[in-house]
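Working notes, beginning with the structure itself.
Labels A, B, C, D and E are assigned to the chains in the order they are written; within every chain, residues are numbered from 1.
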Amino acid sequence: MSLIEITEVRKSFGTNEVLKGINIDVDPGEVIAIIGKSGSGKSTLLRCINGLETIDSGSIAVAGAQLLPDELHLRALRLKIGMIFQSFNLFPHLTAGKNVMLSQMVVKKVPTADAEATARKMLDRVGLAHKFDAYPEELSGGQQQRVAIARALAMQPMALLCDEITSALDPELVNEVLAVVKELAAEGMTLLMVTHEMRFARDVCTRVVFMHQGRVHEIGAPQDVFGDPKTPELKQFLGLQAA
Amino acid sequence: MSLIEITEVRKSFGTNEVLKGINIDVDPGEVIAIIGKSGSGKSTLLRCINGLETIDSGSIAVAGAQLLPDELHLRALRLKIGMIFQSFNLFPHLTAGKNVMLSQMVVKKVPTADAEATARKMLDRVGLAHKFDAYPEELSGGQQQRVAIARALAMQPMALLCDEITSALDPELVNEVLAVVKELAAEGMTLLMVTHEMRFARDVCTRVVFMHQGRVHEIGAPQDVFGDPKTPELKQFLGLQAA
Amino acid sequence: MTYSFDFSWIGEYLPVLLKGVGITVELILVGAFFGVALGTLCAWIRALGPLWLRPVVGAYVEMIRNTPFLIQLFFIFFGLPSLGFRMSELQAANLAMIVNLGAYSCEIIRAGIQATPRGQFEAGASLAMSPIQTFWHVVLIPSLQRIWPALSSQIVIVMLGSAAVSQIAAEDLTFAANFIQSRNFRAFEAYLVSTVIYLFLAIVLRQLLRGAGALLFAKRRAAQ
Amino acid sequence: DALANIESTKTIRVAVPQDFPPFGSVGSDMKPVGYDVDMANLIGEKLGVKVELVPVTSANRIPYLQTNKVDLVISSLGKNPDREKVIDFTDAYAPFFNGVFGPDDVTAAKAEDLAGKSVGVTRGAVEDLELTKIAPATTDIKRYEDNNGTISAFLSGQVDLVATGNVVAAAILARNPPKKPEIKFLIKNSPCSIGLNKNEPALLEKVNTIIADARKSGELNAIAQKWLGADLPAEF
Amino acid sequence: MMMEFTTWDILRNLLLAARWTVLLSLVSFVGGSLVGLAILFMRIGKNVWLKRFAQGYIELFQGTPLLMQLFLAFFGLGLVGVDVPAWLAAALALTLWTAAFLAEIWRGCVEAIVRGQWEASSSLAMGYVQQMRYVILPQALKIAVPPTVGFSVQVVKGTALTSIIGFVELSKAGTMVTNATFQPFIVYGFVALIYFALCWPLSKSSQILERKLNVAHRNH
C-alpha cells in the first residue's frame, strides 16, 4: 500500500493555477526527488502535502487517512509527516537541544527527561551532539539545517518533506547536509525532496519527478529520467543544469 | 596616455591591509577583467577608484586628474567614471526611465526633455526601450541590471567599473547582461570589471588582472593568464574555477 | 440618578463648534505638513548631517519628547514674548504642534533613513550626485514609505493632543466644548459631542493619510 | 434629599476652586484657601457637619454636582438663564469686584472703549459672562483656562487688557511687574451664588438662610474684608 | 492675600505631587499591559467577532482624546449611577487607553515574526495556542521591549490629564501653585524638569535596548 497518495490535486493562487492535477503515489521507504524549473509548483506541492496550503480539488491521503483541512486532522497528519525548509526556520530563541525537544513536549506531552534523551539521540544522528546547548545564531547554515532535520526526526514521522534544503547553503556546507539525508534514505525513511542537486538525485533517489508548469511532466527511475529524458522540456531543463 | 593610473595604492580596514600596493594603468578602450578569490580586495579596488573608499597611500589619476578625497573632486571624478553594482541598486521609487533620467537632471542640470531622450536612447541600447515606465520591482534581475547599465551610460562616462554585475542573477539572465557589456566593449568603452565569468573574460577582455591577498599577483593578456598561468596561486584559482 | 440629556443647544452653538472644528483641522494640517518637514530636516541632520549639529538636534528631540505638550505650549505662548517673539494664540498653537511633531517625526523618519540599504547611497554617489541630492532624490521617499504607518499614527496622536491649545485661548474644538459648557453647564453633552467629532476626525485623518501614502508611494516598493 | 443625606452622614461635600484666587487657590501646604473656602466652612459650621472640600476646575465643577459627588458648588458662579436650567442657584454669597485693567498707555474708560482691543479673561468666570454681554462686537475677548493663563497673557503682552478681580490685580501690582494692571473701569457688580442640584428645596432654603444670617451677623463681611479687602457693598 | 511660597515650597509640593504621577503611571502601565495582551490576542486571533471588537476598541481609544475618556469614565459612570472613586476611574481609563496602544505596538511585533516560524511550528504539529505560547510570543516579546518602554513615556505624560477628575498630580499641582503664586516660569520650569527626569531615563533605555537588539540581529 502507498504511504502517500496524491490524486488529481489542483491548486490555484487567484487566477494562477499552480498545480494542474497532480498524481503521485509514494511507497514506504521510497526516496523521491522533485525537480523542475523555478515556478513549476514544486514547493506548492510539498506545502499542500503538509497542509500548509489547502488544495482546491483532488485528494491527498497519508497512510490511508485523508487530508482534511480542519485543525484536528491537520495536526494528526503533521505528526506523520515532517517538513524541512530551505530557510531552516529554527526557533532562534531556543538552543538546538530545546528546538528538538519543544514539539515533543508540547505536542506529544513527552516528559522533559525523555524529550531530552530523544533530542540528544537525534542531534547525535545528524552529528551535532556537541551542539546541544548552542543557539541557532551560533551555528553555521549546514549545522542549522541538520538541527532542523533532527527536530523533524524527533517527532518520529513516517515521511519527510524537504524543500530545497541545501539551496541556502554555501557549497562547502551542502555536502554535510546531503550526507545526513543519504543516511536517512539508507535507513529506510520515506523522503520527498525538492532539489537542484542532480548528482544527489541520481545517486540516492528511487524515483525522480520532473514537474513542468504545474504538471508531473515525467516520472521514473533516475537512470531513465536523467539518462533518457523523453520530453524536450526535461531535455532542456537538464541541459541548462549541465551548463 | 593612460586613462586610469593606479599607483602604489594601499588601503586598510583597521589593521586588515586589504590593498597592499596596487599598480595598474588602464588605456582608453581597454577592457580589463579583475579575477581572484573572495576577499582578495577586488571590490575594494574598484570602490577606491570610484572614491567610495578613500585610499591610505598611493595615487589614482583619471584622465590626468588626481583623485582627491574632497566632495568637489570626487564628483568631478564620478562624472568621468560610472559604476555598476552586483545588487543593481536601482532606485525603487522611480521607473526605469526616471532612474536613468535622475542624475542627468540633478547633476548635469539637463532639461527634462533632453534627459528623457537620452534615457530612451540608453534603455534602447540595453534592449529595454519598452520598459521605460516599469518600476524596478516589475523587472527581472537581468533587466534591472541592464537598467543600471543604462543609468550609468546616460552620464556619458569615460570608463565603467563593474563589480560582479552578474553574480546576483539566475544563470539564464547572466547572458543578457553579458551581451550588453560585450557590445559596450566592442564600441570602445573602457571597462574594468570584477567577474567570475572566466569564459567571458577570456573572450572579451584585453587584459586580465589576477588579484591575490591584496596584490596584483599576475597581469597580462587573457591567453597568457588563462593559458599559461605563472604562479601556483593562479593555477590553483583557475583549477578551482574549472571544477 | 437620572440625568436627562439635552442637545437642544447645538443649534445655538453650532457656529462655535464649527469654528472649533475648523481650527482643529487647520492646526493639524499645518502642524502635520510643517512638522513632518521639520522632522525630515532633523532626521537628515541626525542621520547624515554635519556632526556638530547632531547633538543640537538630539537635545531638541529629547527635550520635546520627554516633556508634556502643554508645558511646551506655555513656554511658546507666554515665554517667547519675553524674548521678543510675540505671536497670536493660533500661531503659538501651530508652532507648538510643529515643534512637537517635528521631534517625534524626526525619530521616526530617522529610523526609515537608517534602514536604507547602503547600496542606495553608493549608487547615488557613483552617479556623481552630492550627498544632499542623493538624500533628497534617492533616499527620502523610500524612507518615508518605510515608516509611513508609524508616522500616520503619530500625526493622529498629535491631532488628539492638540486639545491642550484651548488653554491658551486658541478656539479649537476643545475650547468650543469648554466654552459651551461654561455658558450652559451642559458639560456631558458638550464633551460627548466633541469626543464624537474627534473620533470622526481621527478616522478621516487616518484614511487621508493612508490615501496620501498610497498616492505618494504608488507602485513603488521601498528596498528591503 | 440632599439635606437629609448631609445630616445623616454629618458631612457636606463642597466643590471649591483652586485656580481662581482670591476665591480659591492653595496655600503652601496645597490646602485650598480663599473666599469660597471660607464660605464652605461657614456653611458647614452652621449646619453642624464636617466639610469635605473637593477642588474643582471650571471644566468639571458642574459634573461633580450632577453626578452627586458634591452637594454644593461654591465656585464664584454667576447666574444666567441657561445655567439656571441645569442647576439651582442660592442667593448671592459674594460680591464680585472686578474690572478691566491695563497698562497706563491704553485708554478704556467704559465698555465701548474696548472696541478693537483684546481683553483676556478666565473662561466661564463671572467677568467672562458680563464682559461678553457689555463689550462691543469688535472686542477680541480671549478666554483662558484659569486665572494664571489670563494674568500670564496680560503680563507677556498677549492681550491689551484683562478683566479680573481687583484683588488679583492688586496682588499683581504689588509684585511690581514691568506691565502694570491699573484699573480702567469696573464691570457691573455681578454677585456670585452657590450652585446646587435641582429639586433640592430643603437644602436651597437652608443655605439661603445661612447666607442671610451671615450677612446680618457680619460674618460674611468679615470674609469679604479678609479676601477682597473691602466691605460688602450696600445692596448686599 | 497672595500666598507666600518659597522656591522650596514650590519644588516640594511638585515633588510630592509627582508621586501620584509615578503611581498612576505604574498602575496604568501594568493594567494596560494585561488588558493590552488580551486585546492583542483578540486582534490577531481567528475569531472574526473578537477581531472586530478589538479593532473597534483600538480605533475608539486611539481615536478620541484621553482627556475625554477620563471625563467619561469618571463622570459618565457617575451619571448612570455607578459611583467609582477617582483613582479607580483614572486607573480604568488610563489602563484602557494604554492597552489600545500597547496592543497595536505588540501586534506589529508579532507580525514581524517571519512566516517561516509559523510554518515550521505548524509542520511540527503544534496548535495555534502552542505556536503562540512557545514560538511566536517569546520572540515577539523580545523585540517588543524597546517600543513598549518608549511608549511608557507617553503614559507618564498622559497621567497629567487625570486632573480633569480631580487628581492633583504633577501638572495639576503646577497649575495650582502657579495660580497661587503667579510665577509660571519657575513653576512650569520645575514641572518640565521633573517630567524630563521621569521620562528621559525611559526614552534612553528604550533607545539603548533598541540598539542592542539591532546589533543582536545583525549578528545572525
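General observations
The criterion applied here is as follows: a contact is a pair of C-beta atoms (placed from the backbone, for glycine too) under 8 Å apart; a residue touches a chain by one contact, two chains touch by 3 or more.
Please read these numbers as outputs of a predicted model, since none were measured by experiment.
Taken together, subunit D and subunit E share the touching chains C. Per the C-alpha superposition, subunit A sits rotated 170 degrees relative to subunit B, a value rounded to a multiple of 5. Chain centre most remote from that of subunit E: B (centre = mean of CA atoms). Subunit C and subunit E have Cα centroids separated by 20 Å. Between subunit B and subunit D the centroid-to-centroid distance comes to 81 Å (mean Cα coordinates, whole Å). For the pair subunit A and subunit B, the distance between C-alpha centroids works out to 41 Å. One inter-chain figure worth recording: subunit C and subunit D are separated by 37 Å, centre to centre, where each centre is the mean of the chain's CA atoms.
Looking at subunit E, residues 71, 75, 79, 184 sit in touch with two or more other chains.
Across the assembly, subunit B contributes no residue in contact with two or more other chains. In subunit C, the residues touching two or more other chains are 1, 3, 74, 78-79, 187-188. Across the complex, subunit C is touched by residues 59-60, 62-68, 71-72, 75-76, 79, 81, 104, 153-154, 157, 160, 171, 184-185, 188, 191-192, 195-196, 199-200, 203 of subunit E. On the subunit C side of its complex with subunit B, the touching residues are 117, 119-120, 122-131, 133, 137-138, 141-142, 145, 217, 219-223. Across the complex, subunit C meets subunit E through its residues 1, 3, 62-63, 65-71, 74-75, 78-79, 153, 156-157, 160-161, 163, 174, 187-188, 191-192, 194-195, 198-199, 202-203, 206. Remark: subunit E residues 1-6, 9, 13, 16-17, 71, 75, 78-79, 83, 163-166, 168, 173, 175-180, 182, 184 touch subunit D in the complex. On subunit E, the positions that touch subunit A within their shared complex are 116-117, 119-128, 130, 134-135, 138-139, 142, 219-220.
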